[in-house]
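The two complexes that follow have chain A in common; it is paired with chain B in the first and with chain C in the second.
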Partner chain A sequence: MKLVIDHVSRSYKRHLAIDDVSCELTPGIYGLIGPNGAGKTTLMRMLADVLRPSSGQITVNGTSTAVLGERYRDLLGYLPQEVGFYSYFTGERFMRYIASLKGLPGRESEARITALLRLVQLEDQRHRKIGHYSGGMKRRLGIAQALLNDPKLLILDEPTAGLDPKERIRLRNLLSDISGERIVILSTHIITDIEFIAKEVLILKDGRLVRQDPPEQILHELEGKVWSVQIPAHRLHELEKQYMVGNIQRRGDEALARIIADRRPEGEATALEPRLEDIYLYYFGDQPERDE
Partner chain B sequence: MTRKTLNDDLPDVSEEELKRLEKLLNNWQPPYPASSDVDRTIAAARLELQLQNDTKPAPGLWIARLLRLTATELSGFNTWYWVMSLFLYILGLAVLLQFQGEPRFALFALAPVPFLVGLSEVLRSRDTGMLELEMSCRYNGASVMLAKLCITAGYTILLNACAATWFASSYAGLGLGTLMQAWLLPFTLMTALALAVVMRLRGSNAVVLTLSIWGSCCVLLLFNPGIIEQLTSLPYSTGLLAATLGTGLALFLGYRLLQQTNTGKGGDWLEAGY
Partner chain C sequence: MMNQLIQLELYKIFSQKVIYIAAAVFAALYISQFYSSLPSAEQRALDKAAYTTYGGVLTEDKLAWVEAQYEAYEQARLAAGDQRLHLEESFRAEHRVAMDFKSALQGRATKPLDEHPSSESGNRIVVIASTGEQVVVIQQEVWLRILIFIQEVGYFFVAALVILGLAGSYSRETSAGMDQLLYSSRHGRGKGTVAKLLAGAAYCATIPLFFGGLVVSLYGVHYGLHGWDAPLIHYTRLFGQTTFTGTALHYYGLQVLLSAIGCIALGWLTMLLSAWSRNVLVPAMIAGLLFILPVIVLFLSLPESPVTWGVMLLFRYMEFIQANYIEGQIPELFFLLWGSLDRGISAGRADPMIMYQLLLSLMIPAILLYWSIRRKQVR
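== the complex of A and B ==
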């Protein structure tokens, strides 16, 4: 399966949210990263057929999704950034409802619902009303519904938001297991979510796709640009003016700062191995959210 | 291939070598791909078939699909809606018959109420943010909204038709046609107004606004019995024409609402912060 985003733009009145984005996706996991307002959710919505592009097109194996319509949606599993659940539904009733909307036959869906609720560890909560679920449980239920139709294209908009570290690791492993012959697009602020599982990273900035490359390649380009600098704490402000500064560790009067610089900075600097979260700093000049 | 040709092409091949080659070829088995490769090929072929299968459902099947979706949505309605709207409708009829005593006005005043109350159910998915998820499913957001509108309108028509039939059998001199006319006009006009309002407001706000407008109209009418008499005893042709216009307007606005919900034109509601 080949999903092509072909010169896609989307504007809201005068605001251009997505600006001429083009890329080609084949089975595997893609991490979509970018700061707030970069256009991640708009792009995800267009991929989920919830929004139509203002110009350009999205094609699957050469046919436009606008032409495919429900044939395209049959391939889709989508988890929006915020799912508004009906609080009076139980987890099981919600899954049945979505299964009906996806056109799954009753018998097939019953078995699948049970298997998925077990997978996201909600089987014992299936008869409980969603109104009583925690944020993490709702997110897990959202992930389960996205997998109901065994989708060939899985679009997850910040799936790890609200999940604790253990759940986040489980989700990462799950995505890694199921990615096989499907395209998984995962948007996140938390770089560690995609660091080890993404086949490619898509970097979106101001509505434009600035990079689409394997993480190793991007990291390779950052080699020799990430430094650890030890300086007196009172000079931190100076350092921040000169360089892109990431993590800062204070040790009494001294501070240890992780910085991005094309050349070895002055003073006591040690070269560090780049991490994917340095990309965030490099491209956006800002720190990503950290894995809590 | 004849011996002659072979000899011509391969003059150095002996009879024995040829036999060995023949034996070798007879025993040769083409290498089979790994089962994972076979599975992958089948999956790719299935996907391609799925993508190429562009068969539009026949009109009968389209209606069957809508009915199936309506049944799904029926299960999604909050039980409280059925109970509360039925309770309000019966209570309203009882109160109006007790204090005003005119069955035609009771029908007139209560005709749009179950639909107006039901709008909160129709628009619940849009208001709660569930519609975004529904729009990504096979039955998209517009189909879901259409099914919900059908349920609410169907339920309202059923209640009004039952009440009209009951009045026709209980009150001498009141024909079923007159009673039907009494509820049809306010139902269609208020439905059209409500659909126009919900395109701009959240469901709960739209329900409050349209119920307030309709309640105020009914209170005004209660103080003007002459107008009630005129409205409830319009000639059939006039009543039918007005109801047809109201139905046309409601259908047009319903279509606009569905368009707004659909991906093609809309998605604007996603950014509108309803």
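== the complex of A and C ==
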């Protein structure tokens, strides 16, 4: 399956949320990163067919999603960033409801619901009302519903929000397992979520797609630009003015800062192996975040 | 799949506590009003006995008894003078039967009596017999009260519950973000909408049934439901001139059916408004306003204009639910639906317009809702 985003733009009144984005996606996991307001959710909503592009088109194997209609939505699994599940539904009833909306036949859906609830470790909670679920449980239920129709295109908007580290690792492994022949698009602020599983990283900035490359290629470009600098703690403020500063560790009067700089900074600086997290700082370090 | 969708949509509607609270409050109001005006068991027994003894088909003997009753009543009234009239309960019950005979005679035979030469003799029985009619008096309180419930207070209870139950059908999902899941699923925009409409219709239909059941149960327990098989025309206090030839139960069934259809029209309008709003209060308030708009226009005595005419013609939801347009004004179409033509029920076609309006009021919101959801975008 080939999903093509072809010169897609989306504007809200005078604000251009997505600006002429084009890319091709084939089976595998894609990490979509960008600060708040970069247009991630807007792009995902267009991919999920709940929002139409102002211009451009999205095609699947050469056919526009607007033409495919229900057939396109049949390929989709979608977990929105914010969704308030029906608190008075039990987990099982909610899954049954989504299965009906997805057109799954009765018997098939029952088996699938059981398998998916087991997969996201909610099987023993299936008869509890969603109102009594924790944030992480709701998120897992959201992931389970997205997988109900065995989607060929899985769109997950911040799926790890609200999950504890153990659950996040489990989700990463799950996505890695199921990616196979499907396209998984995953937006996140937590870069480690995609560091080891993403086939490619899509970097969105001010509504424009600024990069689409495998993580290792992006990391390669950062080689020689990530440094660890040890300076007196009182000079930290000065350092922050000069460079993009990542993690800071305080050790008494001294501070150890991870910074991104094209050239070796002054003082006691050691070159570090770049991490995907540094990409975020490299591209967005100077940009104030705003709500989407 | 469709069945399951409808069931789950119904579950969503019936999971709202607010409708149970409102239904309980309205039921409590009606029950308290019912018991506050409920005659004593002794009085009800006397009434029943009086109608059993003196009611039925009017004969010469009964006419004489009616005249004697009036005579006795007049004497008692004169004897009381300025004092308050005190009558024995049994006498009062019998007098009610006599009054029913008199009103039946006046109501049924006005025109034939005037036109008939023997009316001058005052012998009304002869006149009635010569026109081939029969005057029958039965106990009317129970079924008349059942029949007018929806027209007097029931319509308000029913409309309020319709609006409360369906105002959140879309707006609540939009505000919670559930719309994204619905519209990104295969059937979320098509069959999902149809399922919502059908579930909404089923909910609306249950409301007149609920209140109808309550009213019938209360009267059934305290009075009994005798008279259900009497022709409607025997309920002379309200239907003495009716062209409806079915029984009281027929009429009631038709009334509940049409009231339910009226509720569905209001319900689908509420759902349409809900699809256009994020806040559940907005569709509730607009639907409520549209429901009472004709009353406001009448109350304010606004001058006649295309606008006031438009309001009166477009928003007849109150009339739809009250269903008091049935009498003599039902197009044959509805009788065919009701399957009653075979039973010999006839009705005129004086005002078929309201029926067509009812059909349009059902179809337009449903089509608009379907179209809106097909095109809806999540922003």
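Heads up, the rule we're going with is that the second predicted complex is superposed on the first by the 285 of 292 C-alpha atoms of A that agree within 3 Å, B and C clash if a C-alpha of one lies under 4 Å from a C-alpha of the other, contacts with A are read in each partner's own complex, and residues count from 1 in each chain.
The rule is simple: contacts are C-beta pairs under 8 Å (C-beta built on N, C-alpha and C of every residue); 3 or more make two chains touch, one makes a residue touch a chain.
Being a predicted model, the structure only gives us computed values, none of them experimental.
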Report task. Using the superposition on chain A, decide if chain B and chain C clash or fit. Result -> clash
Query raised in the report: Is A:88 touching the first partner chain B, the second partner chain C, both, or neither of them?
Result: both
Requested in this report: Considering only the touch criterion stated at the top, classify A:119 as touching first (chain B), second (chain C), both, or neither.
Outcome: neither
Report task. May I ask you to decide whether A:60 touches chain B, chain C, both, or neither, giving the answer as first, second, both or neither? Result -> first
Report task. Using the superposition on chain A described above, determine whether A:1 touches chain B (first), chain C (second), both, or neither. Result -> first
Query - Contacts of A:105 with chain B and chain C, given as first, second, both or neither - result: second
Query raised in the report: After superposition on the shared chain, which partner residues are touched by A:52: those of chain B (first), chain C (second), both, or neither?
Result: both
Report summary line: Superposed model, chain C vs chain B, clash-positive stretch out of 43-51, 61-69, 79-87 or 151-159 is 151-159
Report summary line: The intersection of the chain A residues contacting chain B with those contacting chain C is 12, 45, 48-52, 70, 73-74, 76, 78, 80, 82-86, 88-89, 93, 96-98, 100-103, 145
Query raised in the report: Along chain B, where are the residues that touch chain A in the complex?
Result: 40, 43-44, 47-48, 50-51, 53-54, 68-69, 72, 75-76, 78, 124-125, 127-141, 144, 263-264, 267-268, 270-271
Query - Residues of chain A that touch chain B when the two form their complex - result: 1, 12, 45, 48-52, 60-61, 63, 66, 68, 70-71, 73-76, 78, 80, 82-86, 88-89, 93, 96-98, 100-103, 145, 152, 181
Requested in this report: State the interface residues of chain A toward chain C in the complex, per the touch definition above.
Outcome: 12, 45, 48-52, 70, 73-74, 76, 78, 80, 82-86, 88-89, 93, 96-98, 100-106, 145, 149
**Report entry** chain C residues within the chain A interface of the complex
**Finding:** 1, 4-5, 8, 11-12, 15, 175-188, 190-192, 377-379
